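Structures given as structure tokens follow.
Each of the next two complexes has chain A plus one other chain: chain B in the first, chain C in the second.
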Partner chain A sequence: MKLLRAILVRLMTMSVTLIGAAVVVFFVIRVVPGNPIAMMLPPGATEEDIARLTALYGLDKSIIEQFWIWLTGVVQGDFGTSISLRQPVMPLVLGRLPATLELAIFALVIAVVIGGALALTGVRHRETGTETAVDVANGVGLSIPDFLWALILIVLFGVLMPVFHISGRISPSLDLPFVTQFYVFESIARLRFDLWWDLLKHMFMPALALAIPLAAIISQLLKQSLKETMHLDYVTLARTKGYGENHVILSEALPNAVLPTLTLIGVQFTFLIGGTVIIERLFSYEGLGNMAIDAVINRDLPLIQGIVIVFALLFTIINLVVDMMYALLNPRLRHA
Partner chain B sequence: MLDGRGSVKRKLGARLWLSGTWLGLMALLALLAPWVSPHDPLAQDLFAGRLPPFWVAGADPAYLLGTDSLGRDVLTRILHGARIAFSVALIAGLATAFVGSLLGLLAGYMRGWVDVVISRLVEIWMAFPPVLFAILLIAVLGTGLTSIIIAIVVIDWTRFCRVVRAEAMNQSAMDYVASAVVAGRPRRDILWREILPNVLPTIVALLTLEMGIAIIVEAILSFVNLSISSDAPTWGGMIAEGRTSIHQAWWVLAFPLIVLFLTVLSFSQIGEGLKDRFDPVLR
Partner chain C sequence: MSAFLTVNNLSASLHGYDQRVLRSVSFSIDTGEVLGLVGESGAGKSMIGKAILGILPSAIDIVEGEILLDGQDLEKMKPADRRRLIGATAALIPQDPLTALNPSRRIEPQITNRLVDILGWTKANARVRALELLNEVHIDNPERVMASYPHELSGGMRQRVLIASAFAANPKLVVADEPTTALDVTVQKQILRLIRELQARHSTAMVFVTHDLGVVSKVCQRLSVLYGGKIVENSSVAEFFDGPKHAYSRALLAATPKYTDPEASLLPVDEAVIEAAAAEVLAADREWRHGG
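For the complex of A and B:
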């Protein structure tokens, strides 16, 4: 019951945050100089043409009125019509979201694998040169943001050792049988591993760039928690029972050390998704972030609003899920 | 245990020295850029386009690190780019630290509705992807150095606010604050003379980290071509240009990238080092 009430309270604060975010974006982008309607018409359009289209998009009304119209639409799932692409915003955003989600999830998997492996290696060989090397790797990984990692990867593996694709989501020459936008999942479901491999070769560089800083954070925190756990009595007990070091770390220390890292991953995952905006641009990956930058350049107000709200919704949902997972996994909170 | 701490401190020392030296050198070169750079940062020489760096065959020794597609000297543009990068780091960093710390101190010390309003704002801010928010703000404010600095402050104040708020709350709960209250000192006095000095080390460490972040934000905005002007020598602008001609002239991308990498790494190492220095457990 307590958990249910906690979730309800969280849902309430979530909606306040979302409405707040909507208000901020809505008012900020309406201060943007440059008339989006004038930009979409061919040069030589008359004043009447501009006025008619402005009215069609509702941009002649007051900002408060516009906000109300937009908000009532959003509640019904209608995010308006994109000015530059002349299509409803909702299908456009939903068409791009899967590409971004696949990239972000792939990056998360890479980060967990690398970060986990580094932490375990560091703890297994603690107080040796190996641990120092892990610490240095963590320090550098943490210090350099995804944008720079992406550029470094482009130079190293895109140009000097061209093994991976550094542009696009899939080779344009391929025939795509997909009905959903979740290409990676669908290629597995259809057993089309040729397409799957091509997708991965495109995704690997941007995903790795997004993953490196997160991997460093995971490695640092997990290693620290593991080292603290290794001093606890029950771990010493396991050792005196004669279990080997690998067993002690993996089966005894790890389950108890992993909880703080899990919480951290949740928060950091929202930062990672925020990072996709510029990374998608760098790798010409056709996701939501790349579309967002185009929308800003084209002054496409309805599309910008739609994308920002979808990002905000995604972030708040992830935070909610993380909190719930934490409550479920942490025995102290579960029985409280 | 004691030996362990000693070695941590020694390692920190070497890292701080290396980072400090690099930043000092870059700052000096940035200051002296108009006098030490071999060419004019804007001078184009179409006959000297895409010359490789000096050790590659076909190089012109007058252009040590080569030229870009318009024949502009890469080394000169890196030095002049350092002026912009360090100005942004300093001004935007300080302004962000001021705004964020002020709001954090108020929220953490005053509590009540002030805290509710500020914390709610932080939560709303955290719901935006920062890069998208920055690009949006530049679209609103127009390009130019001032716009970039404002955009960085608007986006990043939450970094300071969150940490300083928590720290101010910790300090407020301590005995020395309680005794100041008992002594009848006014609240404003306690905030500025008791709590602020104790939070200041944290702010300084965050400020160093923020300077590195500000340089990255400037580079990202130049990369999306929303920064100063497309002609101005910024590291991000050079990187953007290098990205398009990467298969013909890798050095246009690689050199500004290396300088940016080392600069951001140095700011971050000093910031983390200061954080550890001020950490009572390690001290």
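For the complex of A and C:
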């Protein structure tokens, strides 16, 4: 029953978070200056045209009324119609979400691999020049934000050594057999590795730009907790049994040292997803973040709301998954 | 009969410093014999145990002397061979059972991993052996304990598990570093009895580190008294309790609580004795520097 209660509490906090996000975004974007209708109409439109369109999108009503109308729609799964794209919001958002998810997941994988490898190398060769080198790499990775990494990578691998594509999600000349928007996953499922490779060459730089700062954070924290763990009695005891350094690090220390890092990755992953907004823009990657910027520029209120809700939902799901993994990996919580 | 463990003239110092933490330590232990290491906190008791088991902190260097385990000089061996030899013939019973078990692993692999990974037993055989040992340390439901995580067991249970784990590979030498100090008094007695029982049954050579001379009298045949990283006295237990040879040992014995005269045992160790012992250590150091 404890479990049931925990799930209920979880669902309630998730709902509160989502409602909070909905309320805040709804009111804030209506308070900031800028008129979506004016953006839609050609210069020289008459007052009547403006009034008619304003009424069409319900923007002539009071904010409270608008909120009520929007909320009753949302509850029924209707997020309204995009003002700039003149299509229902949800299909638009869900059509773009997979591109962003694939980018974020790829970035996360890169960050975990690089960060983990750096941490393990640093601990294996602790108190030597190698550890210092890892510390320096972490410092550099952390002190340069993702969008600057993006520019550096564009110069390096897009201009000086053009090995990766700097724009878009997939080469436009290719014939796409895809039925879902999860191109990377689908290309693997269809064994179309030509397409997969093209997708990767597009995703690599934006993903790496997003990954580097996270890799540095992971490396730093994991190395620190590994080093602390290496001094604990059970690690020393394992040494007396005849185990060497590698085994001791990987089998004795890592499973315990990884727990705090896991929590951190969860939090940082949500930041990484936030980072996709600007990174997708820089690489003209057709994901949700890129769409969000267009929506803001166009003052497309329903679309902004839809995107924010989806992002908020994503964040709460990530937190949930992290908590579940933590409980799964930590025997002390597993039976609690 | 030749000793299973011989420590000859062993000196260790903090990396980069002239100051020694172990000062020309020599002793040996025969199979089936228990040697007590006593001395005040910081005297270097644990350091000796760590040197024998190859787990000295990275900041401590062995600067001279030899450790012969089963006739083989540990310092002259390749690290991998040394680890294997120690893992196969020696074992540690640690001080704090609460921190000496890996919290994220079940008990079974923590007892059997040495057998399987280092000594090449099959998992099934190792499991049988682990159950046998848990019986030997008087654990009633060994199956359940093997499937448990450390946090599910009491301190006394964990120390039993660690003792079982130490004796799993039939070690020729066990280092017990204050194995009961972290336990409460009632459990201490049981654990002490258990260690003695297993040591006697397996005729294990044992280094028993303790502050408690009362325990030494019950568990050990011989003892070495350490002060400032130097052995000031090597005696049999009988000789020692009849009358310690060294002034510092006498002071140590005088400071040990006695039922017969609780007041006297509260007296602090005489300053002059401490100073004399310290002077002796420094003199030994001077001699060592000139000699080496």
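The rule we apply is simple: the second predicted complex is superposed on the first by the 333 of 336 C-alpha atoms of A that agree within 3 Å, B and C clash if a C-alpha of one lies under 4 Å from a C-alpha of the other, contacts with A are read in each partner's own complex, and residues count from 1 in each chain.
Note that in this section a residue touches a chain if its C-beta (ideal position, glycine included) is under 8 Å from a C-beta of that chain, and two chains touch if they have at least 3 such contacts.
As the structure is a computational prediction, the values presented were derived from the model and not from experiment.
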Combined model on chain A: chain C and chain B, fit or clash: fit
Which of chain B and chain C A:321 touches, first, second, both or neither: neither
Which of chain B and chain C A:252 touches, first, second, both or neither: second
First, second, both or neither for A:241, with chain B first and chain C second: second
Touched partner set for A:232, first chain B, second chain C, both or neither: second
Touching partner for A:29 - first (chain B), second (chain C), both, neither: first
First, second, both or neither for A:17, with chain B first and chain C second: first
Which partner, chain B or chain C, touches more chain A residues: B
Three-chain overlay, closest Cα atoms of chain B and chain C, distance in Å: 8
Overlap of the chain B and chain C footprints on chain A, listed as residue numbers: none
Parts of chain A lying in touch with chain B, wherever the complex brings them together: 13, 16-18, 20-21, 24-25, 28-29, 31-33, 139-140, 142-145, 147-148, 151-152, 154-155, 158-160, 270, 273-278, 281-282, 289, 292-293, 296-297, 299, 304, 307-308, 311-312, 315-316
Contact set on chain B toward chain A in their complex: 120-121, 123-124, 126-132, 135-137, 139-140, 142, 212-213, 216, 219-220, 223-224, 239, 243, 246-247, 250, 253-254, 257, 260-261, 264-265, 268-269, 272
Complex contacts: residues of chain C adjacent to chain A: 53-55, 58, 79-80, 83-84, 86-88, 90-92, 94-96, 99-105, 113-114, 117-118, 149, 151-152, 162
For the chain A and chain C complex, residues of the former touching the latter: 127, 232-234, 236-244, 247, 252, 255-256, 329-332, 335
